[in-house]
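Letters A, B, C and D mark the chains in the order given here, with residues in each chain numbered from 1 onward.
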């Protein structure tokens, strides 16, 4: 593990065009410092994988025209409404969607973390139209114990994931403070992990954290110090979502003519 | 959730002859208060499922002649040697063994917690002799994405599990202090969960614990207050394994003539 | 009788529907179902527990209702589950009792759709995605709600099933033999389901006419008992509701 | 030169084998591999990390070597993984570099057996069970060790494969194209493996004769270079080793 600037971390650990996983749930803990770095340098994203509920970390990459296809159970802005760029890109046919639900995504990441090639779906999915429209992620499998046919979801290993965590110690261990969401699981499934953190602490300072609340340094490739770097989303226990700044993004993203100005203005330098 | 005496908790939440899961890893956190209750009342155990590495919590039930079959990746006493009753019962053919490894057991419990009927095995198991001797837990499945055949392990839902946790609050939430082992996962897979704890604290006192370090009350059927109740195994952070007491058990368990006396002496009353 | 907002009425209706001891799960924008759960806990269902969205918090009691489902204002709670465990348990089928959900479209059989209006490959409207709605049939029952009661929202058949409701017709077994959707709450009315799994008007909210409900509904409800008026919030219910909604989220 | 125990020698041999930056996993009775890891960290491999058994602790540095692998004396560590995550990652195939393991039997191709001696259904000796040994081929390589070097322990072919080694014969691909077992350490000698995956004597410990090793080995080792003497612990190695073994666990 190394402590790097965002530019170096993204350049070194994300291969343009490969599968990128982005952490953060709803309007919390989006790794915006790292995402802005991708936008600023206009790095193409082959496939974007999100947590079960992404917001601006996905919509911004789509707005910038960088994403070829997306695997996500939800892109939206929760109480602030739909995701403008995502909506427009899907409705126009510019963005390929790999339809998936929260359960299948979570289990696919679990399987990816364990060398497990696929997971049979629990009840529920079979009553939806989802697996029929996504033959890349869903196939029929025969349960060898009962002979029954059911849906299976393929396992998932993002080439790189970007996460926002609370703290890293100087040895590169990271801790999640309150909610690990599926971010921690995404790190287990990833081939490379880049974590932006709010704070750096001395080595050993995380030794009192519970096992499920940390990631050991050997699962983390690079740490980027980025206090406030999840804005305009919030970071639980540190800052709330900035609804005004989110609104400014939404207004720009709804209007392609204003979008270029927004990207130029906000992408010019350090994180917002 | 209810706080009960061991006798009532076992009587109410363990159906004789059903599948019993016992937590604790190696010589730590064995739920001996609850196990002794089964021994004392001579309750037959249809199938005993253990954590990846059990010791006296399994061997004692076998020594008492209560177990029909066992699903366990390891029964032994770590640095103190083999498990005498387990060894004797398997070598004599008195105990049916469902052979399984740590990975398959862990994944089978995960699947049991999620309504997932089976899990394809990661690489490694296919190069062992294990799945061939356990057709109840292992079958060949065809990967619908690659067409390859591989082993699958059936999911597992113990009817009841007995765990030892550090603390319960008065609302019935429990916390694991240091190591959750696979005990926490076993609780997710179980139909009924009985937890013995070292300590009771007021409601709300666990609100600062990390998400992965607790179980909410609605996943716990009964809590039994049993300080020191893991002895002669240890409880991390509270007491170490009692090697002398473990030695006394091992000596008795190796000699069927001394065993009856040991069970009578130690099974007479409260926990040891 | 105090004045109350439609959203407050909806929260009260949902609260009355919960039974003591039930475990409730909810997703994004949790203020309404969370208010309902807290009201139920404060009145007839003290042992009800609820899990709030991606936070995994169990029955949090923040000083004010949260707008979002994953924020720091949901902590601390008495306990919190890691999100992957919540997701896992949603598949188990016997861990949770009630799923509170909605959709861009809800149809006559209680199917929900958060994916798209129009065809999937070239949608007229792309929704955010289905999140956890495929697990709807895995809780013992579900309670559906929408802030928009219109023929576009309440439709005969959803364009895409992303959250399964009752199977159409009397002959098919209900999925997994659970209860399925038991109640739909809108700004105009409440609905339950016929024995054939088709939505029917249960009550009409105070001040709303029956024909207004029909005109706003994009399908013909199943015949049923004469709908009464939705009992309005009592002063006590309203006082309790507002005690944890000092910011008036439910009155916006 | 100080006096040293055979177990101390074994720890030193294993320590020298680790490379900087490797991630090592170990199971029950971890004192020996843990001592080796700590010695490696203190000398040539400061960035090596090791995970201790069911505790999931990462590179703990307790004041004294632990007897068990799950006890409270392993905490605190800089971080700890929940056991299900360690198990998961063992299947991933690229998370861990070295698996330290042993068995009731270890055979000429490095297969391990913790299940039974004799037939599986009616064993002469029932072992404890295989725990995590099926994952042996999933780490980049493995280091095997046993405290008992006898024809009953080191056998031509294990009675039951519970931890896979190299495939027999030159024609089969090695499992998953990883390195497989790279070293076997016993109280008498060290072994490595021929290009055909068969064990061969690498070094003989000081004071042990070559024919003693052969007599204690239940199979004919593959021919190889003339085995040298295992270099004994240096004073520095011994001093470091004993600094975290004040109770002398390795000298018992």
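Structure notes:
Please note the rule applied: a residue touches a chain if its C-beta (ideal position, glycine included) is under 8 Å from a C-beta of that chain, and two chains touch if they have at least 3 such contacts.
The model shown is predicted, which means the values in this text are computed figures rather than measured ones.
Listed by label, the chains touching subunit B and subunit C alike are A.
The fewest steps needed to get from subunit C to subunit D, moving only between touching chains, is 2. Look at the CA centroids: the one farthest from the centroid of subunit D belongs to C. For the pairs A-D and B-D, the count of C-beta pairs in contact is higher at B-D. For the pair subunit A and subunit D, the distance between C-alpha centroids works out to 39 Å.
Each chain gets a centre from the mean of its Cα atoms; for subunit A and subunit C, those two points are 28 Å apart. Averaged C-alpha coordinates give centres for subunit A and subunit B that are 37 Å from one another. Among all residues of subunit A, those that touch two or more other chains are 107, 110, 114-116, 122-123, 179-180, 209-212.
Looking at subunit D, one finds that residues 56, 80, 82, 87-88, 91-93, 138 touch two or more other chains. Taken as a graph of touching chains, this assembly has some other topology, since it is neither a line, a ring, a star nor fully connected. Those chain pairs judged to touch are A-B, A-C, A-D, B-C, B-D.
Residue ranges on subunit C touching subunit B, taken from their complex, read 23, 49, 56, 58, 76-82, 85, 87-89, 91-95, 138.
Residue ranges of subunit A in contact with subunit D, taken from their complex: 110, 112-116, 169, 171, 173, 188, 191, 203-204, 206-212, 214-219.
Within the complex formed with subunit B, the residues of subunit D that make contact are 28-29, 31, 53-56, 67-75, 80, 82-84, 87-88, 90-93, 114-115, 120-138, 160-164, 175-176. Within the complex formed with subunit D, the residues of subunit B that make contact are 25-29, 51-53, 72-76, 78-79, 82-83, 86-87, 90-91, 93, 99, 101-104, 106-107, 110, 122-125, 127-130, 133, 178-182, 184-185, 212, 234-238, 240-241.
In the complex of the two chains, the subunit A residues touching subunit B come out as 107, 110, 114-123, 139-146, 148, 150, 152, 154, 176, 179-180, 209-213.
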